[in-house]
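Report on the following structure.
Chain lettering (A, B and C) follows the sequence in which the chains are written, and residue indices restart at 1 in each chain.
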Amino acid sequence: MKISTIIRVLVLVLLATFIVMPQVFSPVFAPLTRFNAPAIYTQTSILSLTLSHLAIVAVATALATVIAVGFAILVTRPFGEEFLPLSRAVANIGQTFPPVAVLALAVPMLGFGTGPTLVALFLYGLLPIFENALTGLTGISPSVREAARGTGMTGWQRLIGVELPLAFPVILAGIRLSVVISLSTATIGSTVAARTLGEVIIAGLLSGNTAFVLQGGLIVGALAVLIYDGFVALEKLAARRMGRA
Amino acid sequence: MALIGLVGLVVLPFVLFRANRIVQGEPLRAWEALGDSGIALVAVLGIALASLVIRTRLSVRLAICGGALLGLSIFVGLAASALIPEGDNFARVSAGSGFWLMAFAFALAGADALARLGLRPLARIGVLASVLAGLAGILMSGLWDDIDVLREYQSRAGAFWRELQVHLFLAFGAVGAAIAIGVPLGIVCYRIPRVRAGILGTLNVVQTVPSIALFGLLIAPMAWIGANIPGAAALGIAGIGYAPAFVALFAYSLLPMVSNTVVGLDGVPRDANEAARGMGMTNGQRLTQILLPLAFPVILTGIRIVLVQNIGLAVIAGLIGGGGLGTFVFQGITQTAMPLVLLGAIPAVVMAFAAAIILDAGVELSQGRKSTSR
Amino acid sequence: MIEIENLSKHYDGRAVVDDVTLAVADGEIAAIVGTSGSGKTTLLRMINRLVEPTSGTVRIDGRDILDQPPYQLRRQIGYAIQGHGLFPHHDVARNIATVPRLLGWDKAKIAARVDELLTLFQLEPEAYRHRMPHELSGGQKQRVGVARALAAGPAVLLMDEPFGALDPIIRAKAQEDLLDIQRRLGTTIVLVTHDMDEAIKLGNKIAVMSDGKVRQYAAPEEIIAAPADDFVLAMLGSGDRAFRLLSLKTAGQAVGPGPADGKPITAAASLREAYAEMLWSRREALPVERDGAIVGRVTRAACEAEATRP
């Protein structure tokens, strides 16, 4: 446990340094370049690309969370129960759509830039969150549901006071899945001119500069690992608070 | 749902007409594109939509949705043929947002009816097969030949089939390799708990590397292997081409395979395992006769996840010259040619879809006769 | 006072509860016994409208339960269920405080009530107030579950197999504690169980149900002495009936004049215990003591007369 914590801190420090001052790492990446090509991507500042990347993912995930959890709540209410099988089927089917295809199909409708990327990430992020919210909301033990009704809570009080808090760790796991997928998928957004870290990777692919590909990939990978870990820690904390430890 | 369809029917254009590939499309509603028969189509679809609002038997509903989808497909083809002047090779007709929205509405309603019917796994595969057969029938009949996507296909039919083959090879080959390596690795993780965290942790990290980066990063080592290890080049291992893509897909496939194998083995009831041990089975016998058969549904679920994921991810191979359907997608994106994007994306989606349905049914069958309703 | 009149519940045309009429007097415990599927739980759940009746009426203290929204009704009726149903994300104090909070009590009053109940259920407030449910033993969870049901001081408490998940020793203790608390608070209790012994031990009255109908609703003595039909007889277990009859009377009630040797038995002990003691110590009669003085004896013959079919 100790060692893994040290590694995490180390990764965080390296990542932060690289994002702010990429030139420091120039010697590390230099052996990977050929014909004296630059070792570090400088066309756009890595910092601004990272921030833009994170912002796109954050906005898409936040929207996806609101909509997906909202839908999951609707279909688990008595009046929406009719749509439960349909929504399950759609979620199941939707997940088979490759993210690249979602992105590619969004371009013609929304043009180039950040728009289609946002839409693709939003749509693709919906499914894991919806799926998990549904699992969380329907997985509450019958005796707890019964007790909530029996103590005289109104539907609204049951939702806010019992169902959502108990489903929270599971919903959080869904958001985590969605964020990690989105972080990676957002790089593809740069093929349609969204400002993400994919720009670095694609520049590397186009000019045959492995150093660019590597640094772009490493930043996104490290971000994903750290955010993933952060979510897992949050989930553990939440699960303990929910008495599921 | 019916509301969505209504908007699609009346407000949005049914087809887009362009004099050539580049110019802005001219949106046409159904009756503008088809004249009198267009009005008839609108009327029939309107009735179909209205019938969805009323509560009817599920099978009737399903039939209405199927019929409406078929009608839509036929008429969009007819509209294309009608709009394009004889012998004009530059004009393009594409399905408009109205078509897509209506198709979406009916497909959703049909899916709803299907979900409520709670079909058994084999019946679901049957429905899938008949839908695919219908699709193939329409394609072969030449009805859609004047639609832009197929125009693109006609001008590159050879390339299409070649890339489709590459795509399938990438997706299935990587899954095969992942099964061959991942299942034994999963067994090792199950047997030796000490290595479990290490293996799963490493694979987890691999999973977080963005796909385009991993594809790109493998170019250099693959080139090196191709150049320096005798025989590797003969197998097609090189920096460009499918090798880096194949290895990347394989790497992404390993985690779900290994972790599902471990979860499946862990999920084998303790008493079944104990009973087997008590009856004097050797470790090997226990593995092949008790553990693996009982873990099989979960392992199959892993294969389903990986296969569907690979069919989608293989599209990215197009970006690094690895071939596959992604070639068309990324060509289309750089040329802002939507039909070309669709030519690559639609088959990938259909294949992923079919793979998901078939393997889901397989998982359910392997679990025995559990309830089919979700 | 709970009055149930011609109450029925139909699902898809099938009667799960079929025209049930019964009344529970204030401060009484009514035990509803039946096999699974007999409709006993549905009957109970109609009293706090967790299930809406198809027809018939339920009045509590003269007021029709349909007169107010279900959630308000439920806040006035305690409800304890099998598997306790504690909210896993709230600590013990917050769980007990559920209904008082819904009713909008002020904080100090709630805190005082929580401590009072914890003490009543023999859980040290300091130690247990902030425990999470998963940190409690089965018996403790059950006690917190009942404490929660009683938190707002309801006049009526509904219990659905409340001791079902407990092992026999803890169950016996929990049953005695419940009787004790009920006597102190004077709560009217309707309790559902599949265990006839539990019903006999706890109930002032027992309703035996099968196929949605109440076969017999009477005091335990009457049920054992004069089962209304074969089903009630089967529920009693015909082989155990002799001993059940013995367990209804105390030694004090069967005491007669005359001498007897050996260790005396208290007047409060049941005849069942007295008979067992005679067999065990090979005696024909036992001296009976009340308040430290020997008041007479019980004989084997007296026990056997009590245990034969009337």
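In the analysis below, a residue touches a chain if its C-beta (ideal position, glycine included) is under 8 Å from a C-beta of that chain, and two chains touch if they have at least 3 such contacts.
A quick note: this is a predicted structure, and the numbers were derived from the prediction, not measured.
*Asks:* Using CA atom means as chain centres, which chain is nearest the centre of all the protein shown?
*Replies:* Checking distances from each chain centre to the full centroid gives A.
*Asks:* Among the chains, which has its CA centre at the largest distance from chain A's?
*Replies:* C
*Asks:* Would you mind pulling out the distance in Å between where the CA atoms of chain A average out and where those of chain B do?
*Replies:* The mean C-alpha positions of chain A and chain B differ by 22 Å.
*Asks:* Report the inter-centroid distance (CA atoms only) between chain A and chain C in whole Å.
*Replies:* One centre to the other, that is 53 Å.
*Asks:* Round to the nearest whole Å and give the separation of the Cα centres of chain B and chain C.
*Replies:* Comparing mean C-alpha positions, chain C is 60 Å from chain B.
*Asks:* Which residues belonging to chain A are in contact with no fewer than two other chains?
*Replies:* Expected reply: no residues.
*Asks:* Where on chain C does chain A make contact in their complex?
*Replies:* Residue list for chain C touching chain A: 48, 50, 70-76, 79, 81-90, 98-99, 102, 132-134, 145, 148, 158.
*Asks:* Which part of chain A faces chain B closely enough to touch in the complex?
*Replies:* It comes out as residues 32, 83, 85-86, 88-90, 92-93, 95-101, 104-105, 107-109, 180, 183-185, 187-188, 191-192, 198, 201-202, 204-205, 210, 213-214, 216-218, 220-221, 224-225, 228.
*Asks:* In the complex formed with chain A, which residues of chain B make contact?
*Replies:* Within the complex, chain B contacts chain A at residues 97, 108, 111-112, 114-116, 118, 204-205, 207-214, 216-217, 219-220, 308, 311-313, 315-316, 319-320, 326, 329-330, 332-333, 338, 341-342, 344-345, 348-349, 352-353, 355-356, 360, 373-374.
*Asks:* Using the touch definition from the top, list the residues of chain A that touch chain C in their complex.
*Replies:* Touch residues, chain A against chain C: 141, 143-144, 146-154, 157, 162, 165-166, 241-245.
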